[in-house]
């Protein structure tokens, strides 16, 4: 490859990635060379600025025709653009949270790492979203995973953090190995790692032995990927890691990382297995195996929602809730309807805001109370009604109550599941039944916030409020977190009432994701 | 076929060397066993040597973490050479693009090194 | 070309993978678990290299993939060991069964 | 076509919510005043609509339709496909329900003066509840209907859970889970219809599903239709409630604050009936006819079950709760008859029971405010201490048991008329229920008013200033309907003709 | 003859022949070790104004080492009670085997070479890295504090210096475009790489000395701190195996330096009439001599400086060298 070919590539397609990479590098160096006294939070603001810049550049790229560079290993299609927006927006919110994060044992020396590891993880996710090759996909996945492992274990002196990070690494590595093993078979059958070329090769597969091998590969890949999206059977890490990680990391894992997980699921599954013909009619393999995905989706929803019922730790509860949400999105993936991309995108968008907002409130409360037990939400309504009401909005949205973005998201998924022929009645029913189950624990938190009197420390504070003093809770609401809460609450309601804003954006800019496989 | 034979023979040689490398100590130790006069060492010869003092504690105590950190550093950097070697071999054919790519790669590596440096990982206690 | 059939390599890889999986899922010692995971990844590498050499359409990509897998596996294990070290300093154990303060 | 009249009507309480949000927590008087006033615009608008309809205005003029959201990218194919509109509209039935809702909401707001704490939150939720109820009756498509339907759920949960009595949280949860499941089933029905036909507009669905060879994205077989109808029956059966699905409703009636129960039993339960009539009967007429017997049987079961259990209750609220179940049986009986008289009777019963139970629960509220108990055994001799309250209680009971000249009589009469024509034996069995109603109501009310007096009512005031308004309005309406049923039947004519067999 | 053998299909016969040849090489190496040790002692003696061994085997002490080996053979074989027996026994084998294995690929002259591997250099680096496991195991199995510390030190030192070692030869690989040692020698037909890659040579040499655990980098067995480091508990022939490994490595490393930097068997200009084997031997001896010279000249480096030196000086220099090489090469191609 000489200089001309090098320059002939449209490098501008990679602008967002470059920005993130450069900012991450810059932050690393700044963190190393700035004096110790320098407040590392400023690095967070720089990182945030970088992410926003990248976001702007993605919007700038929206109008551009789909293209690929580096011999089709990096491609910018509608899918990539749409999901990069989600990733970047989520990360921006995570940064706002991270800047305010103030753990009990002190932020210590790893303040700077906090920020640039988020960025590298984000970079991995972005690469995944626009990779056209198994290798880049894998590298992106691992960049994300390894950064997440470190992030999860960053509070080195905290036993819970250590423990959860350890579990995360082990589970993650096992699933990576399984995933790779599946990938290696697919590679073996096609002899290429390029997704598009693979699809081409696979469309002519007819040897039953190969089909058998592909089926095996399908299961391995799917099981491996289910780890990333925290779906059954690889969901067990989620509760521990969510509980043990610093709250911004939890938010990151639950929102950005999950989005990335679905990105890779869609990329791999749709690129590879939708191309394999099975049976006499050449029915695509992915459709033939729909039932299995559906089974996992159902199991995920049931496990997530049912186990969440008995959680007392708020972060564990949200871990299970996030497992459940992964299940809902898997329903959309299972159905494979015309609105699949739309519904997954919209659901992830809604989840981005509602999840992130909820985590912002959780961070505020847990930081103040020093405990993650649900009972510390008691009496929140007395102490700070606004916080309680915004949290209620997020919870309602998570529960899928109309008027919130979560409802529209569920509606969309539902529509997809029932639209196809034959319709997925069972899956839709499980989804809705588990949604009702989820009411119980979401409303359980609300019960705490609204019905129960505040306990201990909080009560003293509430009393102070009554006497007209400024309570500690309201003395200084951190800027970043407040911003996150406001943005998320506004967006949750906005997309709940005017979802057409998002739909129009999708429909007018991404052309039904028709260029996904072109 | 010829080429394959050469290839396989080469590795056969490697295997021969491996065998010899293992055989020599075995044979030598066996020879020593045969040659040396029979003896019965006194009990104290079997104690652990601690400069003449009575041994205390088990020796397998916890190490300074530095040792492990170096192991980690080694793993990382050694694996990076996995990328550098093919690159160097194929450099002629790859041209300037590979150079730039590798430059970025090595700069990242260097940042890693600087990171370790600044975090005082490279300092020996 | 080769006297050894491709299936032999694949079988070897599969066996290695299964051993690794078994070890990763059943062993008590975290270090052994990490090693088992390495085993699984190396099974993948064998597969990739085999396919790249004797596959239906031999191409170098498989080996490239394997190189990436090696590198990433190393990074993964490095992170794993680093976390294990931190854990060991706090808990004095590498036994997975004892890493269980978080339950339900 | 596109007037914003209905939007104003439905969303007018929002103004009150916004106002309340900026008011200080502690200003009790102001909050209560704003709370009551905020319910008035809706009442005024609703009544205005009613009278201008009586004056000959076409109800279609009130319709409004704005594109709200479109799923998928089907816009190029057909702009209506998978599009959900924000569409409100009125027909005779919904007009009646809107008027009922608006009036009851205003009265319940008045009754809410009895609330003791956190008025701000209370009234904000109360107004939200009103929005939901009004929206349910004006929504012209299923998704919008569901949206408003769920909006009623949330405020109810909080109103029960925070301002209720001793077991309030349990009641709130049982309300939430039952109704959540009910609405879940409803959502499945709605989404299946939407997914199969590409529209959720009620009128369009009626046309699509009952025309041979209609062009649909996916065909809907008869068995699917049957399944959907049964699902609907379950969904609305929870709300109504139909016999095995009723236990939550008892808890709510007992634990919720009486002002909320006024709305709950007056309006919210009726959503079930409304839904069954509008959707069950409207969209699946053939299947509904097949199920008519089942529904009638369920109605009779409800009627008898409620009546017999009401007979043995010691808590007056429990009596009323079981009587609600019993009366909802009459609605089902009317529907099961599936003929003009039956359906008209059912709708009459919906409205009339709304008024009657609101009256009774308001009186319960007044009582509880004074004596802090609703146990029949502790309330004896009320007539001496509070003659007016006792009198109205008796009047309410008479209305409820179907005394001619009051609204209850008309509805029961028509419902049974309908059923006798179709299934005389079943109707005969049902009549036992009517008698039982008289028995248990009189037993309870007489025990309270004239029974053994073991309580000193001295120093307890009778009906006070603001408490007169609800009582008089409700009694007035009850009598009006009883004497001059045309106020109801006239708006219903077109509907019933369209629906009935 | 060897060429024919190589081209014939592999079998037991080949194995036997190779085995015999390799045994010959092993004997040569053992001979080298015997006289290498003697040479070391003599040179050291000479530099320190002493005589060195001068009794056994004439006034040069030619039989000194032979008698030492015999003595070791006859010594009692002690395995401490506290030691981990299997590991204790296996450790010297693990330490020794790689040191001999690496010799398989080194071309002594243009036709005196055993395995002509395409990846020769990488093979050397990879195999030589395994010895450290033997050292570490030996230290650990002894269950002796000195041993353990020595083993750990050996390990951390050897892995630290392996990185610059590996990185520095990248410059050579860039120039030759091959990992094959024959081709590397062939590429030095005009100019030896020591002249083209002086920086790489210096880095490589320093790292090599450290890899060999020789003064000034012999901290793993620094006798005044750790008695004898990882082999404190070893005695008799087991101990001899460790020593043997060390000296075989010295032989291998000197050969490698000769091959990679000093043009292998290639003669100096105008001196082509002298056979390659002689050239190789000359250069090789020079390298060995320098190694011994180092031992006499430099004081032992401080433990804390040791590792830092590898990471903070050698590694960056090696990396810079790679890029300078690549850049210059690119520039040369451009003009």
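Per-chain residue numbering starts at 1, and chain names A, B, C, D and E are given in the order in which the chains are listed.
Going forward, a contact is a pair of C-beta atoms (placed from the backbone, for glycine too) under 8 Å apart; a residue touches a chain by one contact, two chains touch by 3 or more.
The chain list, named the UniProt way, goes like this: A = NADH-quinone oxidoreductase subunit N; B = NADH-quinone oxidoreductase subunit A; C = NADH-quinone oxidoreductase subunit K; D = NADH:ubiquinone oxidoreductase subunit M; E = NADH-quinone oxidoreductase subunit H.
In this text the structure is predicted, and so the values were computed from the model without any measurement.
Asker: When you check each chain against chain A and chain D, which touch both of them?
Answerer: none
Asker: Please identify which chain has its centre, taken as the mean of its CA atoms, farthest from the centre of chain C.
Answerer: Measuring from the centre of chain C, the most distant chain centre belongs to D.
Asker: More C-beta pairs touching across which pair, A-B or A-C?
Answerer: By the number of C-beta pairs in contact, the winner is A-C.
Asker: Would you kindly say which chain has the C-alpha centre located farthest from the C-alpha centre of chain A?
Answerer: Relative to chain A, the chain whose C-alpha centre sits farthest away is E.
Asker: Among all chains, which one's averaged Cα position is nearest the averaged Cα position of every protein chain shown?
Answerer: A
Asker: List the centre-to-centre spacing of chain B and chain C in whole Å, with centres computed as mean CA coordinates.
Answerer: For chain B versus chain C, the centre distance works out to 20 Å.
Asker: Just curious, how far off is chain D from chain C if you go by their C-alpha centres, in Å?
Answerer: Result: the chain centres lie 64 Å from each other.
Asker: From the C-alpha centre of chain B to that of chain E, how far is it in Å?
Answerer: That pair's centroid distance is 13 Å.
Asker: How many angstrom between the C-alpha centroids of chain D and chain B?
Answerer: 81
Asker: Residues touching two or more other chains, restricted to chain C: which are they?
Answerer: Expected reply: 75, 77, 82.
Asker: Quick one: which residues in chain D touch 2 or more of the other chains?
Answerer: Answer for chain D, listing residues that touch two or more other chains: there are none.
Asker: Which chains touch which?
Answerer: Here the touching chain pairs work out to A-B, A-C, A-D, B-C, B-E.
Asker: Can you name the residues of chain C that touch chain A in the complex?
Answerer: 10, 13, 17, 20-21, 24-25, 30, 33-34, 37, 40-41, 43-44, 47-48, 50-51, 55-59, 61-62, 64-65, 68-69, 72, 75-77, 79-80, 82-84, 86-87, 90-91, 96, 99-102, 104
Asker: Along chain D, where are the residues that touch chain A in the complex?
Answerer: Chain D residues touching chain A: 67-75, 82, 121, 143, 146-151, 153-154, 157-158, 161-162, 168-169, 172-173, 176-177, 180-181, 184-185, 187-188, 191-192, 194-196, 217-218.
Asker: Which chain A residues qualify as touching chain C in the complex?
Answerer: Against chain C, the touching part of chain A is residues 134-135, 138-139, 142, 145-146, 149-150, 153, 156-160, 162-167, 169-170, 172-174, 176-178, 180-181, 183-185, 187-193, 239-240, 243-244, 310-311, 316.
Asker: What part of chain C is in contact with chain B in the complex they form?
Answerer: Going through chain C, the ones touching chain B are 1, 67, 70-71, 74-75, 77-78, 81-82, 85, 89.
Asker: Report the residues of chain E in contact with chain B in the complex, numbered from low to high.
Answerer: So the residues of chain E in touch with chain B come to 5-10, 14-15, 18-19, 22-23, 26, 72-83, 92-93, 96-101, 103-105, 114-117, 122-123, 140, 142-148, 152, 155-156, 159-160, 162-163, 166-167, 170, 173-174, 177-179, 227, 232-233, 236-238, 240-241, 303-308, 311-312, 315-316, 319, 322-323, 326-327, 329-330.
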